[in-house]
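Shared between the two complexes below is subunit A, which has subunit B as its partner in the first and subunit C in the second.
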Partner chain A sequence: MDDALVIRNLSKSYPDFLLREVSFRLPRGYIMGLIGPNGAGKTTIIKLILNLVRRDDGQIAVLGRDNIADETWIKQRIGFVHETPAFYGHLTVRRTASLAGRFYDAWDDGRFRRLAGEFGLPLGKRVGRLSRGMKMKLALALALSHGAEFLLLDEPTSGLDPVFRRELLATLSGLLQDGRTSVLFSTHITSDLERPADFITFLLDGEVVFSSSREALRDSWILVKGGGDLLDECSRPLFRAVRETPFGFQGLSSRGAEVRRLLGEERATYEKPTLDEIVFLMSKES
Partner chain B sequence: MLRIMRQDLIFNRNNLLLMLAIMSCVLIYFSARADGFSPRAYFVLAAFYVGASMGITLAAREDKHKTAALICSLPVRRSTVIAARFVLTWALMLLTLVYASVLTAVLPFSQVDLSSAVNVKFVLVGLLILSAVFSLMLPFTVRFGVMGVMLFLVAGQVLALLAMLAVHFFRMGNSSWSFPLRTVSQGLRFLLGPNSTFLHMLAVVAVILFLNGASFFASRALYARRDL
Partner chain C sequence: MFRLIVKDFKVAGIFWLPALILYLLSISTFVQVNLVYLLVNMVIAFILVLAVPIVEDTQRLEPFLCSLPLKRRQVVGARYLSAGMILLASLAIMETAAPLFSAVFEIEGARPGILLSPAGALSFLLPMIVFLSLFLPLYFRLGLGKALSILPIVILALSAFFGAVIRLAAWLIHEPWTAIFPLDAEIGVVPYKPFLPLASRLTNSLGTPAGWALILLAGGVIVALSLRVSIRCYEKKDL
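== the complex of A and B ==
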């Protein structure tokens, strides 16, 4: 299958943070959710893809090309939304779009105006007077107006009202109807990804905990709830993460059959975990 | 490159207009009081003012609005961004020299003798001084943003202050400590004087090109390595 993004053994070190040998791939035409708690390395990966920060090691291929050797070719085909969009405040929305549009061969001004209308963006208003949510909408409209084949969205729903959040997620799903647009969507709001994401990559402390399709993820993990007395030296190693409370425990395991055999069907309950539960329990364990 | 230059001009339009207004006031003041003020220094001052201000303005506004990530996420190479800013800054510096000349010629109360100021020697020496400052300042600006500019300016002022104190209190005016300054001063006087030849001016041009080339490559390398 043709890949929109392939990352191999990507590493980047900061004085207080280390991204360690990250590897994952996103097939063309799909949405991948990049999830993890704050400081897990989501933004660093997106910046590395865009060559906004220099990688220490590893390889990044976007749409089949190296992200540094073919930087401008790739950026012509990428739409990017930063978690805190930075614009020149004294320019109007219209002027900002016209300046950005000049850099793209496939810029479609009609599409930008249509999106601005849909998002309720006032074209004549100065960007500095827009709310954070409106700036995010502007960044999205810019990212969607040059026929991007690959969208990099860094926390795009933060600061948006619930109505627009739902609309945005629907827009993203609609974009993929053509089968050529791919999306890498970073967020710490896992509920945003329950419906649109085809693949999930979970980052924790600069490392990939898992990267798989949503179905595989739901099938491979099991959430076990039971009394505290069930946790002993034999059962505990079967869990990837455990949360104990005065009333019992919650455990996350990828070894469902073994857990069922050991604990039995009557003394514990077994559920398919939500994405939120997986992230929560693993983050707690970390 | 032209798109980046155009974008920088539009982004910084208000500040450039403000600088132009301030510079015009400074020029008018000095042209009216040129009796005690050398036209050579007047021209160097004008060009230096704009050159330094442009570098500071571009870096300061990019730092202030955190827009480096925005520009570098566009389909353009970082080396092109630096090249565009280099060319833009030089174009504005040269335009400033022209503007200063026109203003001086038009003002009815101007005391500056344009024929003595608009002279190949004075312009080249002015550009040499300007290049020395600008070529040092640009890498600082690119690497450290506003903080780099402040560091550069403060360090320059502290050094100058220390030199003045040393000369005043320790009578070091003729000591070996002041040798580099005296050499530079004498060299500039020689270049501006009647004994300098066409070959000397060629050497000045070569030094200007070298300083700017070194500054450009250093700035480009620093910008490419900068994490945004």
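== the complex of A and C ==
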């Protein structure tokens, strides 16, 4: 299976933030959710993929090619949606599309117009007068109009109304019918990824906590709830993250069998955690 | 590269009409004093060069621009080319508008013909080339706001350095410094006067074509150095 994205030992340092030895891969034709709290490094990774910021160390291969050596080849095949889409505010939607389209060899103006119609984008309106949601739709329409094989979506649903969020997720699922388009979808709204994402990569403080398929994730983690007396020197090391309350505790563990054996089936309850619970508990622990 | 230049001119479209109105309003007043007329043309040309950076900086468009299938060196190269085209267009307008307006409105005391010479053109182009060659690397490294803040300091420092070099040269050849770079009241009417001694010495010693070729080469070297620095700065910049 060839990969849409391979990241190996990627590092980048800022005065107040460090991205450390990040590695993960996304097979072609799948959606990966890049999750983590604000400031975890999601946007930095996307900027590094696009070579908007320079990496200190490591490798990034997009569609099998190095993202710096073959930058323009790769960008011809990438559709990018920024978390705060910015365009020339004084140009109309139509002129913005014509301006962006000039740079892509495979630009399909008919497809852009179809998508603009579907998204309700007024072609004659100035971009500066569009709402944030409409600008996001414009960014998405532009990203989908040049036959992109790899979509990079940086927090595309934040600030959108629930109706368009659902539409966007449905559009993404529809795109993958062809089996050649891959998506890296960064978000801190984990519920957006419960259905469409095939793979999940969780970032925390600039490090990858895990990167695996959604099924593997659900199978490998367990959420344990029980009384506070169950937490002792023997049981605590089995948990990756623990949240204690006056009524008991919630613990996240990847060593389900050991936890069950130690705590027993009667004194504690065991559930498969949602993505939201995983992110919440691990972020709290951090 | 051509696509980027077209893009720049499309984006800067909103600035053309205000610039033209400003030009028409100022030209009849300033055409009588060549130095002020020259400065007005320089300011308008600089604003037109700044038009696209202003739009892209205020609307934070660099990530959008650099996510397009382009290399950063192409973005820098296109900016230099469009700046060059704006300078040449401004020079052409300056050279044709002054005599035209003087004749049409019969402005007394106007001597627009003074600028219609190679030295006159040089008095517009050379300062603009130096000015933009300093500004653009600062812009590509630091962004518009910081570049505009630092530029006056850089220009002051360079002026002091240039002044010191002229005085040193004058001391070495045992002549007053005004013989090398004359600055007097007449400069208001003859703005290219400081360039005359230098140009005439060069053309006398090398021949007219070779002298002018050398001056053009010097301009080209300044631009090439500036372009190289800009590309390095922009390629290192985190957006």
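As a convention for this text, the second predicted complex is superposed on the first by the 286 of 286 C-alpha atoms of A that agree within 3 Å, B and C clash if a C-alpha of one lies under 4 Å from a C-alpha of the other, contacts with A are read in each partner's own complex, and residues count from 1 in each chain.
Quick note on the criterion: a residue touches a chain if its C-beta (ideal position, glycine included) is under 8 Å from a C-beta of that chain, and two chains touch if they have at least 3 such contacts.
Keep in mind the model is a prediction, meaning the values are calculated, not measured.
A.B. asks: Determine, for the superposed arrangement built on subunit A, whether subunit B and subunit C clash or fit.
C.D. replies: On the shared subunit A, the partners clash.
A.B. asks: Once the two structures are fitted together, what part of subunit A is touched by subunit B and by subunit C alike?
C.D. replies: Comparing the two interfaces on subunit A, one with subunit B and one with subunit C, the shared residues are 47, 50-54, 71-73, 75-76, 80, 82, 84-91, 95, 99-100, 102-104.
A.B. asks: For subunit A, which residues count as touching subunit C in their complex?
C.D. replies: 47, 50-54, 71-73, 75-76, 78, 80, 82, 84-91, 95, 99-100, 102-104
A.B. asks: Going by the contact rule at the top, pick out the subunit B residues touching subunit A in the complex.
C.D. replies: Within the complex, subunit B touches subunit A at residues 3, 6-7, 10-11, 14, 61, 65-67, 69-70, 72-77, 225, 227-228.
A.B. asks: Given the complex with subunit B, which residues does subunit A contribute to the contact?
C.D. replies: 47, 50-54, 71-73, 75-76, 80, 82, 84-91, 95, 99-100, 102-104
A.B. asks: Note which residues of subunit C are touching subunit A in the complex, please.
C.D. replies: 3, 6-7, 10-11, 14, 55, 59-61, 63-64, 66-71, 236, 238-239
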